[in-house]
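Scrolling down, you'll hit the structures one after another.
In the two complexes that follow, subunit A is the common piece, with subunit B as its partner first and subunit C second.
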Partner chain A sequence: MTTTERAARQHQERARSGWRVVLRKETADLWLSAKGLSVLLAFSIALSVLAYLASGDAAINLLDARESVGVVVKTAIGLGTLTAVVVSADAISGERERGTLEALLVTPVARRDIVTGKLLAASTMWLAALVVALPFVVVMADGPRVGLDAVLVLVISGGLVAAALTALGLAISSFVMSNRASLAASISILLMLAAPSQLPAITKSATLGPVLIKANPVSAGLTLADNVLVKQQEWTEQWIYLLSPILATIALTAAAILLARRLQLGDAR
Partner chain B sequence: MTDEPTPALALECVDLHVRYGTFMAVDGVSLVARPGEILGLLGPNGAGKTSVVRAITTIVPVTSGTILVNGHDLTDPVAIRTSIGVLPESNGYPGIQTAKAHLTFYAELFGLDPREARRQAEHRLRQLGLDDKSQPIGTFSRGMRQRLGLARALINRPAVLLLDEPTLGLDPAGREDLLRQLASSAVEEGTCVILCSHQLDEVERVCDRVAVMDHGRIVADGTVDHVVAGSGVTQRARIRVALGDVLAADEVLRALPAVSAVEYDNARPGDIDVELAPVDGARSQLLKVLLDARIEPRAFDFQRAALSDAFLALTSRGRETE
Partner chain C sequence: MSRLAALLIALLTAALLAISGSASAHAAGATRSPGTRSIDVRVDPRDASVKLGETLPLHVTLTNNGAEATPELVLHLDVTDPTKSTSVDPEDWTSTLTKQVGAIPPGDTRVVEWIVQPISSGDFVAYAVALTPRSRTIAASNAATIRVEHQQTLNPHGILGVALGVPAALGALLLVQQWMARRPRNSDQR
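Right after this comes the complex of A and B.
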């Protein structure tokens, strides 16, 4: 191999690790523009209002301390996941609609690297939501044991649910041609997955209810939060509720990256 | 990057087919282009130009056929994309980014380290007259955006530059500016430029060769003169001679093989309208036969067949034979 061929190969090798470049640019775009900060501000306001209602005013507080923390943790997981989904569902379809996707696809960076960079950048939205939510749960927790449980639930269960749904949003964004359709589909799926944990009748159903709750990564994550924080059950009894969030995270992340190969511009016949 | 030894052909497409479902968008296109050459890729809307460009850029799958870009074939799409620069027709920009940040990002995607990427971005911005780096792209005029698009397409010093309607929506000054940049890039950097455009006057002016597409096929390929000649469109001349020379002029003009018709304008005695086949040197042939016959033209207006006439003839012929 000649020196010039080696230099060209080195350029190609560097281009192959382009996910880092995409991640850096997407993260900067998210946090230096109004988008990320405004979504985070809305999340903070929602969580503040809820925390105030749950614990701030003795006259309107109908929940005990554990229930209050449980409500705030579950809301933080749900809304935090929603913020990450809003970003990931726009990641590819938004580029497509703004006419910037083609210029990105004609660079030497592989499509899976583009998707990986965007996925990681969208995940920073959840990390920011987590940073905002942690002080709330720590302050509201009644004692260090509850505080530790709340932080662990938020980090582990919330992290897995958010990762799975962020990957789902990105996968949808890759093949849905309209940005509005991508956002609508991703948010609808999140709401549908979250709904069972809010319907007590399902959990009381003899056999099918609990299975459905455990199989659904969002309801499993939220149920785990409820069991640990409100019902004070041991972590060792809750591992089953982490199975579907773990599997969903792995499967949906793999799907998002594999679907990247079929990523289309959208205006070809 | 194009540090490799330059191949004789910058671009070679052989029997290229691109199918979308049941629709054959590109139907057996073969093209070659050399380093430093500007090739105009013409055709009506839906002719398949954009599909050819997207096949070359590896972003739409090729149904059959081969593509070689700077010596790299489709088995190495990363090498192809490293060798090309593209200004797509549907060209959007992130409004909040500055031009420098935008170009630096693309330079890094092409494998440049951050410092070299910033240097290259500044060089291209200076080259294209976009020195004010602090302005967000959202405040740019259409012309500035197109120049930024060209700067982005040139950021990796491509061997092949593919431009889809680069002057669309630009004012005349902006068009001139962009075309001047293109020509200088081809000459100074040896870049092969593939220019898709409906602006036939500018294609005629800057392109070394043109390829005309219709219904997914190449219907003409060569220099502008060659394509015009092959299209069969006629050229026209109006000659004014003294009234006493009209008959003699008629005789010598009709004797010319290139002349297909000679007509008179009754309102203007002495004026002769001549229709000629699009052969090279037709103008001088006309003058020569008149002067040889001692007929001195009092006025001579020659209208060479334009590329636009050839384009209409070639593409309408394509529709008729469908």
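Right after this comes the complex of A and C.
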């Protein structure tokens, strides 16, 4: 093997593992700067206040112990997803607006790898939120069964919802030129998707309501949390509520990676 | 003449008895329909004190003191604040405000239990009303006074440590990170 061939091969290998390089750099940027920890601190304060109030109500029997855990788990899923969406919605459009996207695009790393690396780095925000939420859930859980159910709901349902919405934020960030517009659109979509699960009276009365709740990945995930933790339904009955989060995660991740081909510098102004 | 006087005395006595009967019924606070005035409704305990969040069993005793069986009865519980300092929604205290009792034979008694859970502190009054299915009031009970004391827990379910500890740990981590970022590196000093 000649020196030229060896160099070409090394270049190819570097390009192939480009997503790892992007992941490492983006994760370091997120967690070694104040950004990641500040968002996580705000998340932990919100969860602390809510957990304290819910525990206070549960202690004097104004709220069922399982219900108080359910409230905290659903809030952790919602806010944890929001933190990951904030990071992913800023990932491309933020670089574009700061004028650093050009430097990133001229590296030998494929655009698909850039998006994959950024997606995985943004997902670490959800993982951190999950780690922060666990002590609250474990302390509040009334017995090991409730604790296990709560952790499983957080990991499975919360993980899928966060993965789907993180990919959505990144996809929006890829084609929206303004960072502000990307953040606004991503957060608005998250709020709109979460809204139906907070309107039980309306959604239950309509014939189409239950179908829409199952089809919407966020409301399906939150409903699953409610069913398992508050209504004490079996996990085997919940597969229908996992369908849309799984499909949304696959579809939106694929969309984010496919949109990477059309990644443009654009005019961030 | 003496017969007329005796008739007048008899009529006056009857009138006085009727008036005194009506007055005692009003004094007892009971509203009864004609023919069914023999039902007694009693709520026990008459005076109770609980802490906020605790449950309180209320026993409502219906006694048919009459000679005939009562019609089908429905018992309804209500809670109010006579001083109107607190708004009360009885459905917050118990999910079942109305219970079917059925007909009560003469001389028989029925006891219906409600487990209520006050959701706010204050002084309240609970009372029960026996109704027919057509919502005609048969009898109302005594007013049971319930004092609900406020209860505060500083560390409910041991959450305080986590609620303060997690944000404090993250805040400390953020401060350390900021301090490290601002600290001049050795290479910079050179």
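Here is the rule we use: the second predicted complex is superposed on the first by the 255 of 269 C-alpha atoms of A that agree within 3 Å, B and C clash if a C-alpha of one lies under 4 Å from a C-alpha of the other, contacts with A are read in each partner's own complex, and residues count from 1 in each chain.
Here is the rule we use: a contact is a pair of C-beta atoms (placed from the backbone, for glycine too) under 8 Å apart; a residue touches a chain by one contact, two chains touch by 3 or more.
Values in this document were obtained by computation on a predicted structure and should not be read as measured data.
Peer 1: Per the contact definition in the header, classify A:55: touching subunit B only (first), subunit C only (second), both, or neither.
Peer 2: In the superposition, A:55 touches subunit C alone.
Peer 1: Once chain A of both complexes is superposed, is A:108 in touch with subunit B (first), subunit C (second), both, or neither?
Peer 2: Touch partner of A:108: subunit B, not subunit C.
Peer 1: Check the residue A:161 against both partner chains and state whether it touches subunit B (first), subunit C (second), both, or neither.
Peer 2: Touch status of A:161: no partner.
Peer 1: Between subunit B (first) and subunit C (second), which, if any, makes contact with A:136: first, second, both or neither?
Peer 2: Touch status of A:136: second partner only.
Peer 1: Check whether A:25 is in contact with subunit B, with subunit C, with both or with neither, and answer first, second, both or neither.
Peer 2: Only subunit B; A:25 stays clear of subunit C.
Peer 1: Contacts for A:98 in the overlay, against subunit B (first) and subunit C (second): which applies, first, second, both or neither?
Peer 2: A:98: touches subunit B, not subunit C.
Peer 1: Subunit B or subunit C: which reaches more residues on subunit A?
Peer 2: Here the partner covering more residues of subunit A is B.
Peer 1: Touching A:45 in the superposition: subunit B (first), subunit C (second), both, neither?
Peer 2: Touch status of A:45: second partner only.
Peer 1: Using the superposition described at the top, list the residues of subunit A that contact subunit B and also contact subunit C.
Peer 2: 32-33
Peer 1: So in the complex, the part of subunit C that touches subunit A is made up of which residues?
Peer 2: Touching subunit A: residues 51-55, 117, 119, 151, 153, 156-167, 170-171, 173-174, 177-178, 181 of subunit C.
Peer 1: What residues of subunit B sit close enough to touch subunit A in their complex?
Peer 2: Subunit B residues touching subunit A: 1, 3-5, 20-21, 23, 25, 51, 54, 57-60, 78-79, 81-82, 84, 86, 88, 90-94, 96-97, 105-106, 108-113, 149, 152.
Peer 1: Subunit B touches which residues of subunit A in the complex?
Peer 2: 4-5, 7-8, 10-16, 18, 21-22, 25, 29, 32-33, 98-100, 102-110, 265, 267-269
Peer 1: Touching subunit C in the complex: which residues of subunit A?
Peer 2: Residues 32-34, 37-38, 40-41, 44-45, 47-49, 51-52, 55-56, 58-62, 65, 132, 135-136, 139-140 of subunit A touch subunit C in their complex.
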